[in-house]
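Chain lettering (A, B and C) follows the sequence in which the chains are written, and residue indices restart at 1 in each chain.
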């Protein structure tokens, strides 16, 4: 599915899209509120909630203590009892502080209760490296949450998708994690002023091609597009799929592309071992083995914590050069 | 020189923290109080210390932190008020006992050793009997008291006791400050917080400056701690209210109390009341009285010798006992 | 405090319902009829009854792994409860939760919980909803002495007090975190002491005395409804059965003498004795209530045993809304 923009020319940043989405939900849903560290007075450390306190007051924009387990528990309890919380976990790395409330409560409560509880929670969180924040503020831990039945996970790459996916997440009656990317915050792109949804569970073919499918998401979409541009000059036509939604996964869009190109590389910024790439590669081989002309390969971070030094960090992060290089291997 | 220590870990934890906003007295704070007392006491003398190894480990912790040896009393502490009672009984014969708790704790101690020589360190809820004292001062004073070189009459008060008996085979009981009958059906959370339920009271003191039943009585008359009389009150009889007083029935709780009668009670004069009701001692509901049962109250002056820390230190100063390294004669200049 | 006869009988009935259900459930577990682990509430009935007799279905509670008593006191029916323990389709959770996750949203019961200490943060959320909606209801979170060592309790206590939420922290201190005695798992005597660190009152309550619980809870609810925020009530109690099941795994972590001492203060026996003295409940009436409740429990068991197993086709239902 191709992204459509109905008001061409209007642009905003990735972070601006977050604010617009949250604001539109707060206007639309009386039961929605935002809770997290520094979200009210400070407007969010990334600026996601700037101005919302003035507009909506401290009943709906709630500063919390630095207590991630308490914050997520607040979301679970408030959602189960009828509100629609938007919970901000500043850095995804902090999930370690609240994993019980995520994994054992939020993800399972509905199932354990035989369907009697509904948990419309939106969790906003930031992932990714590239800004020298070192090992505990740079991780891409989406595999942790994609492994938990009961949760949905989306990871937008563009301002347009960010706004649309947050709105979809907040209108969904399930817990949805919106995993955003720190290095993308100032990226600009077309964003309509009116609220709109980007459906959860639907991938986006951002560049069409015929020789290889690059399956990726979040900031790596841009790197894959750059790699595709380079490869085009080498007579390799790469199709780039932006998954947008990681759980549920739009397997059909992936397979449709691979059946056409017969080759696939899965790319993510997360550590390669045990990452989502393994799951996606496995699904391609299960469902499209006969279409493959080469093994499905993966590009991801090495099996190391994210380093601090800018030199080491750049060596660590996947990028367009590494993606292009991996693609060339499929044709050698 | 023999000094006993009884600390009650349960004191200062009841519902009045909630209903009255009374101060919380944590176990750790109690350890600190006992530690201050011991540090001051042992700065000038080396008494034999006998202590109840209370269920909170209060005295044990304080002794250990100061490296002071003490002798543990042969009492199996169960976290109940009987711990303090048994400990006091075992301490009979020592020169002085220091207690840490409220009126309820001192009552339990008095049940164990009725005319015990006592310094009472209050944990600070609702204590009409003992006044608030800094433990450090009490420690210094205790050394002087135990040496017995001060005039006892000048530094202590012989306490009054309400002796309580029942007309069935129940054990006699006592209170240091007040016996109160209420129309509650249960002992429940123990503390008395609803003046609408008051039926009668017998008090050893009446003082408008104090809180609780002593303050209620004090709104009608004055009976000092050293006066040879008590007072008896009745409440809440339809159409018989003689006066309504507005007074502090607990810390933070000012209520209107409808008094039917308030009269002097001479020593050895017996006041009897019939059930059904719940009878509270020194602020805690404890006994049930059925419709046909009676409780008898008599005030006497045969309770603990309660030492006044301030008076003790002033007297010690007057006699030059607080001066070290020189003759006892102190210039009056 | 002046309690009506009907309130007293209501508290009594809630306690007897818990005792009877748990005793029979324990027998069924030991007979191998109920799969999985049961953490039984026998001995602690005064707490659930003293609290729940003052709550409505619009008041929320979060529970613990020892949660049957809370649900029964909140109005849970024996049939769907036993059906859940049996893993039947007619259970409160359609057989997907079992003993450790038994819940009923309509009754305001946000679930037993297999994770020690997980409830308080969720209760903060439920209390947040009540405050957000300016409702006059309260939330109660039950947890144990063991859970008071979890960070989740401390985060929740801080947040509830910060936001002045209508929340009661009811600690059921039964002296043991699983099999470890309190003195070996925390350096304090009273969990109530922890309240002062969060700017709320902490009170020690006799958890074997239903009226002591009732009066304390009554005051804490009044405080919550006045907008003054949460209260920590530490109810000292004891579990008459083992951590798991009735006799458990036979671990020698406590003595028979200790158990016998606590059983002398059986919350139901003490309460019935007083109700008799007050003329509220005769021995014959008490016996009749026990019998009536036992037969209701037996009907509940029959309901469960005659209920269908879940259809394997429902395996993937309710993962998502």
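Rule of thumb we're sticking to: a contact is a pair of C-beta atoms (placed from the backbone, for glycine too) under 8 Å apart; a residue touches a chain by one contact, two chains touch by 3 or more.
Here the structure is a predicted model, which means the values were calculated and not measured.
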item	value
Chain-level touch network, classified as line, ring, star, complete or other	line
Chain whose Cα centroid lies at the greatest distance from that of subunit C	A
By mean Cα position, the chain sitting nearest the middle	C
Between subunit B and subunit C, centroid-to-centroid distance (C-alpha), Å	37
Centre distance in Å when subunit A and subunit C are each reduced to the mean of their C-alpha atoms	40
Separation of subunit A from subunit B, taking each centre as the mean of its C-alpha atoms, in whole Å	66
Partner subunit C, residues of subunit B touching it in the complex	9-10, 13-15, 17-19, 21, 24, 26-28, 55-57, 183-190, 193-194, 196-197, 276, 288, 290
Residue numbers on subunit C that touch subunit B, as the complex places them	1-3, 8, 188-190, 192-193, 195-196, 201-206, 209, 211-212, 214-216, 219-220, 223, 231, 274, 277-278
Subunit C-facing residues of subunit A, complex	33, 59, 62, 64-65, 67, 69-70, 72-83, 85, 100-101, 104-105, 109-120, 149-150, 152, 173-174
Residue ranges of subunit C touching subunit A (in the complex, touch as defined)	60, 62, 91-97, 101, 103-106, 110-111, 113-115, 118, 120-130, 132-133, 151-152, 155-156, 158-159, 162-163, 317-321
